[in-house]
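Mind having a look at this structure? Questions to follow.
Order as written gives the chain letters A, B, C, D, E, F, G and H; numbering starts at 1 within each chain.
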Amino acid sequence: MKEYSIIIYGRGGQGAKTLAQIIAEAGMIEGFNIQAFPEYGPERRGAPVRSFVRLSKQKIRKHYPVTHPDYLIIMDEDLLETNKEICKYKCPIIINSKKTKTHFKTYKNAYVIDASKIATELIKINSPNIVLVGVFLKIFKKIKPENVKQIIKEEFTNKNKKHVIEPNYKCLDKGYNYF
Amino acid sequence: MKEYSIIIYGRGGQGAKTLAQIIAEAGMIEGFNIQAFPEYGPERRGAPVRSFVRLSKQKIRKHYPVTHPDYLIIMDEDLLETNKEICKYKCPIIINSKKTKTHFKTYKNAYVIDASKIATELIKINSPNIVLVGVFLKIFKKIKPENVKQIIKEEFTNKNKKHVIEPNYKCLDKGYNYF
Amino acid sequence: MKEYKEIGGVLYSKKTPVKKTGSWRYLKPAWNESKCIHCMLCYPKCPENAITLKKGKIIKRGKVNYDFCKGCGICAEICPVKCIKMVEDK
Amino acid sequence: MKEYKEIGGVLYSKKTPVKKTGSWRYLKPAWNESKCIHCMLCYPKCPENAITLKKGKIIKRGKVNYDFCKGCGICAEICPVKCIKMVEDK
Amino acid sequence: MNMKKAISGGEAIAHALRQIEPEVFAMYPITPQTPIIEAYALFEAQNKVKTKLVRTESEHSALSVAIGASCSGVRATTATASQGLLYMYEMLGVAVGLRLPIIMPIANRSISSPINIHCDHSDSMSAIDQGWIQMYCENNQEAYETTIFLQKLIEKVCLPGMVCIDGFFTSHTVENTHLFEDKDVKKFVGKYKPVYDLLDTKNPITIGSLALQDNQFKIKTEIDIANNLVPSAFKEVSKEFKETFNKKINLYEDYFASKSEIVVVVLSSSAGTVKDVVDKLRRKKISVGLLKPKLYRPFLYQEYKKVFKNAKKIIVLDRSFGYGSVPPLYKDIKLCVSEISRKIEVFSFVYGIGGRDFYPEDAEKIIASVIKK
Amino acid sequence: MNMKKAISGGEAIAHALRQIEPEVFAMYPITPQTPIIEAYALFEAQNKVKTKLVRTESEHSALSVAIGASCSGVRATTATASQGLLYMYEMLGVAVGLRLPIIMPIANRSISSPINIHCDHSDSMSAIDQGWIQMYCENNQEAYETTIFLQKLIEKVCLPGMVCIDGFFTSHTVENTHLFEDKDVKKFVGKYKPVYDLLDTKNPITIGSLALQDNQFKIKTEIDIANNLVPSAFKEVSKEFKETFNKKINLYEDYFASKSEIVVVVLSSSAGTVKDVVDKLRRKKISVGLLKPKLYRPFLYQEYKKVFKNAKKIIVLDRSFGYGSVPPLYKDIKLCVSEISRKIEVFSFVYGIGGRDFYPEDAEKIIASVIKK
Amino acid sequence: MDYKQLSKKINTKKVLKSGHSTCPGCPIGIIFRTILSATDEDVVCCGATSCAEVTTSIYPYTSWNVPWMHSVFANAAATISGVEQAYLARKQKGNIKKKIKFLAFGGDGGSYDIGLQSLSGALERGHDFVYVCYANEAYQNTGSQRSSNTPYGAYSTTTPAGKKEFAKNFTEIAIAHNIPYVANANPYDLVDLYNKAKKAFETKGPAVINVFAACPTNMKAPSNQTINISKLATETNFWPLYEYENGRYKINYKPSKKIKIEEFLKTQTKFKQILKSKEDIKKIQTKIDNQWKKLNKKSNFT
Amino acid sequence: MDYKQLSKKINTKKVLKSGHSTCPGCPIGIIFRTILSATDEDVVCCGATSCAEVTTSIYPYTSWNVPWMHSVFANAAATISGVEQAYLARKQKGNIKKKIKFLAFGGDGGSYDIGLQSLSGALERGHDFVYVCYANEAYQNTGSQRSSNTPYGAYSTTTPAGKKEFAKNFTEIAIAHNIPYVANANPYDLVDLYNKAKKAFETKGPAVINVFAACPTNMKAPSNQTINISKLATETNFWPLYEYENGRYKINYKPSKKIKIEEFLKTQTKFKQILKSKEDIKKIQTKIDNQWKKLNKKSNFT
């Protein structure tokens, strides 16, 4: 049975780790075995970082970074510049950008969305995570958006921030329904 | 060739270690290979301690306490009380005591001397060491008293205490000439 | 015996490469030179030492070195005449 | 599994032997009881707690426990009425 | 309660500790142990545990606090890694000598110099042979279960124990982890019964006295004996574990090892990677298996002889050097093999130092090279 | 000058250091290392050395001071034992990783708990495989010569090194010791040539940076390589030593070992005692010899195979336990023997823990028991 | 010294190169550039494991243009002691001619906590060096865990409900060592920091400077607020600027009007929790007021 | 409290049995008997490696009639922290009912030097315990090596020519931690020591007592001089008796007439060397006078 793997490109402090974790957790609810982990280094906020997700109905035993991703998520288009290896992957790629798809011709399978803008509008912070999760779920198909909603609900209920649950649902839906 | 060994019984702070060392060093000057070492423990001044000396014209390779002494030196007669094993040794035994030989009948081969008194008279401190060294040399015969004088001289010259050299010589001689 | 040169992970400052941190930036400081009074408050308070000094006898601030500026916004915040604006770095 | 009792070198105060340190002594304190004013200065200052307290309502000092007295001479030195003398312990 | 959780290995251990609920948890941060203590601190803030948290000023003090507490009749713990383990090194022997069942999770990390925050085993390997039980875990599930298991084991033999997980590879990697019910864990570890109690003021004890020659020899020999009791105690605890959780904990994992001519021996997270390789090669009819020691100290010299019954070549993968000697795992395996009369070749490879990734291709290459030899 | 002196082993080492005259000596007292530092402090007071003495507040700082000094282009040293070695444990790897030729005398003493001030090897044995060269000395003369020898050796391979002497048995025992002329020693060790220099402000260097995965692997591999160079470097230094002092320093002492069927292996002062026993037994026509490793780390697996060429039974005497494993010296010997195809039995005995005396009778009994087996 | 001259000094010395990996808005660069510009002699540095270390020396990069070493977390002061002694030995031998100054530094963790003992030892031995603590109120390098300098009530990852104890007073501990020079400084006033660093370098014997380091990551504050918040720390007497020189206290700055501590706390999300409790705020205010009073008394009588 | 009552207390409590291996004239027994008699609650003790530890617990003997533990040299305060937390946990669970007091101690080596950090940490965390340092001016257990509390000019086996630095001021360092109670004490005045110990035990939170410990072996003085010399230490202001309680200094004893420091130094052979130097004596006298002045000022203004 196939194992699905994702590489997320982000910047320190931007939430690439959380993004990976949400996808993984949602996958777990769906019955997947999961793995989510970022690259760790001494670099600080703003510096480029990668996160990885694996989803599989079989036990995941390996312990090393994803080398052949099935999906790519780019949290900030600038990272395409600094991470030249990205263009060699042929898989679907989700790009957070103000620009349109036509600007990313090298990527045949690109899904371009201004997730930051959507997030800023809906939850008042430039945190494109949930929107990008929505996009991913739509493309991936094998995880229900409800799972993510469940996670959002638990998370923010725990944190005593119930008022942000709905806006986050909206982010997810916006992403999910974008393509 | 024979190896000579000595056990010295003293009390913490009384100089059993120094006594062993002086004999050893004098032996070294005489051409002996030497070993001198005390028993070490957490006990403090006043507590019974033992010191050991080995003298041999051959290399001394062993490293353990003397178990079959050829000579015993008892720096304080009280120690005969607290160290019952002493009476089982049959070797010559030098005892620092105010009492006379007749008080130590169990010890066939005893040399009893009030070394403390002699020292107190000559060097103004109750330090029977050098007197006892004198007695030992006389009995042992194989080390010249001059060697000890050399040591005394060096030691006190180094310590800027030249004035005590002569009195210490006298202690040595007193001990040496006592029996 | 082997000749040891750079043993124990020792680095020689004069030979080490330089890491450019400009890509970390989201916003960049835009400096309105004409408004600047060259008070030099911003210069030593730039965490990256990314603000340059102009050559010459009189001490004057110069442009920002965008190779290193991380866009923290401190300079804009502390400039007494507000001649620095943080703008989108696109 | 083995039953551990006194594991890890643990000692039980109520069961441990007592070490007698009286043999360390060169001089011993001789107390002139009749001169003693029972000021109790010596009692708490004996390093060995070798001075005893007399039973009874009024606090009074007692004899020295020579099992433990190391003959330091502190008691003799600090007694305000000098009713303790250090003597040869033979 | 849904007991399947997407948590990191560090959090998995924190959950195990939460369920054990030691009375005292002394903590001092060091990457990559931080997920453990941070998760636990959150449990405290959320009133999920009554544990007293002591945020010390160093690791030497952290283990000292745990030791003081452990002498006082309660369960106590701390967690560390790398320099932290070295900084508290002096205290290791004290916990052993005083026979304190202190559990200490280690998120394995390379040691200085040069400084490096990533995974290798040079930290905990510096502390072998000191009398601490050491168990190494492959993934979060194992980390979780091993912690619970070890707590019981150490109390049985009165020795402290380390649960070792790979820094980042396990400590920071989120995996689906199944947690047992709190009440089952509490039942399993049971009420704590200390062998002595400093706080029993009615029966005052003296701990940590000066033991001269013969006395120390005697007391230290007891430690050796206790270590030798571990394998049998392990089996007992394993039985109880099975009864409570319906799950078996083994001393080691024999993944086709005893059936194979080539046996790879490796600890912790890399074992998972190697298993995938073993599967692949076995499909190609190559007779290769994996031995993953879980209990590493005491080492199971006797047991492994049986595992090697069909082995012709053994590949030992060490994630640390053995400077001036050979790497530690290799040394142990080699020693074990030396008592097998049949000739078996043992090959040593050092991999993944400083956290260098270990890919299946690496394992394949190593195996191929050994086949050729 | 009369160079025969009645001095303790500690003083003998102090004299060697006085002649080497390191620029910085960091000291923190611990029994039984005290004779070394006290003798050196006296040399300072007598203006016999120009060395800067730094009386630190702990051993962690003592080795740190030595490391700082060693990075700054001078010879630096400290000395310790037991808990002191454990307290500075974190710094051991730093000295190695920074490749600093720091010499550190160790007066071997048992480690806590329980606390004990007497000799066994559990302290320095905790620090094997960390990259420090270790040499063990039988008596004062050896302690003296080894210190001088090791200073040169460590500078050749850029590794730190320990001179280990038995606490009390050597550190505090006065023996007649022959000292070399100061000028000869100075000539032998030569002018110090650091491989890098922190005080060269014109060419600023950065020491101790963070080296991630591949970089750390590379730098650590260099350490392994350096360790492997030691035996050949040893021989070079030995040659120079011979030239200067007309005396040979060997990697080990083969006392009838290679001629015997029974070989006893033991370190340090007990070797002397065993030699007497060997003589006695050989007079009785028993084929017994002694192997005394002097260089213990790196271990000479290859060389010892030759020493065991006639051996049928090997008796390894360890003065420390190897909890959860086997004692360290035994383990090394066993490993070495495992590569000899001929069958040799190896027997392990732990003796003298906590400073328990080791008498010839003990050695005889052990040998007799092995003969019977 | 004014900001213009300071700028020139910094620009000339360039001891800490651009290109380090600190977070945007991190005060570390600001602090060390200023301090290192305050002497014309050569300086040799030693840093404890910390943000400042990890972000400036990632192999094969280094940001340091001065000789610089890192050993471990607990021993910056001991290491510099060894360096200084080696220097004296070489100087005595004529092997080194020029004057070199020595600087050791650590974060609050490496100074207030794990490095305190080695520092205390070095101060007592009286080595000639400057010790700088940049006090960013947590173990930042490992992700904002509580240090003994974490303020009362502050969130940290090991005190998610807020710290229960007040911060240790490192400056007063240094002063209790009776060394020639100790100062509290703050990067919002770099001229003051420069002057103190200059004095410290000129001091014969040990000198300690404790620098408030408003770390945006720790404070959970925007990266552009570093200096503003730093300033508030002194304006509210949370971090008074003062010196202890040859046995005498001197307050360098007395705020003209009293600003409540809330104003400071409010700038940082890490105080979110405590800001809900009037009682706690009062407790903090009282503590600060008392400390300020005490400080004034001390500076009066000496 | 007077000497009679004190004697009775000591006699009743018998927490430290006779039969320990201290040197004749050692102040350790005197000090700990007095301190431990100052509370009626149960006490649990923890001692750092030192004379006091080694001489009272030689297997299979123990001199302690209270629960007592030794771990290592550097960690008495950390160990007692763990013990205290275990106690609180058990108390909370109802597992222990009675009140227990906690005492940790070390020599000057274990307090001023190697144990300082663990103590500092424990003070900052605010555990409820009493810490006692008995300051005998050297590492006595290992044979009189220099500690940071060895006085200026004193012989020690690692400073045979006399120490070059003044002693660290541990009491002031403890005070700088701003804990509720700190005191300097001296066994010549046992009533004062008793009172301080009583206060310390009654304090909620950490308390530190620094006790002058005239060790005849270290001083190279006759064993019967322990108390006399101790007294001189205070009479010459070498070791002033004072307290710091809830932020206020209080001097407990002001010598009626000034006795020169020489009188104190003369009693101890370890000062033989320094006594030859007028200059050095003056230096010491000045230091003492300044410290005394400062102390008086502090006790006035608070």
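Methods note: contacts are C-beta pairs under 8 Å (C-beta built on N, C-alpha and C of every residue); 3 or more make two chains touch, one makes a residue touch a chain.
As the structure is a computational prediction, the values presented were derived from the model and not from experiment.
Under the contact definition stated at the top, the chains bordering both chain G and chain H are E, F.
If you take chain D and chain G together, the chains in touch with both are E, F, H.
Between E-G and D-F, more C-beta contact pairs are found at E-G. Work out the mean CA point of chain B and of chain C, and you get 78 Å between them. Separating the CA-averaged centres of chain A and chain G is a span of 39 Å.
Our note on geometry: chain C versus chain E, Cα centroid distance of 47 Å, whole angstroms. Inter-chain spacing, taken between the CA centroids of chain B and chain E, is 57 Å.
For chain G, the set of residues that touch two or more other chains comprises 21-24, 26, 54, 57-62, 64-66, 70-72, 74, 113-114, 116-117, 120-121, 124-125, 141, 148, 223. Shared contact sites, meaning residues of chain F that touch two or more other chains, fall at 31, 55, 57-58, 60, 83, 87, 90, 94, 97-98, 112-115, 117-118, 204-212, 215, 219, 357. For chain D, residues that reach two or more other chains under the stated contact definition are 8-9, 11, 13, 16, 21, 24-25, 70-71. Here chain H touches chain G in the complex through residues 113-114, 116-117, 120-121, 124-126, 148, 165-166, 168-169, 172-173, 175-178, 247, 290, 294, 297, 301-302, going by the rule given at the top. Across the complex, chain C is touched by residues 113-114 of chain E. Taken in their complex, chain D has these residues touching chain B: 21, 23-26, 70-71, 90.
In the complex of the two chains, the chain G residues touching chain A come out as 21-24, 26, 54-55, 58, 141, 217, 223. Interface residues of chain F facing chain C in the complex, by the touch rule stated above, are 97-100, 156-158, 195-196, 203-209, 211, 215, 219, 222, 229, 233, 236.
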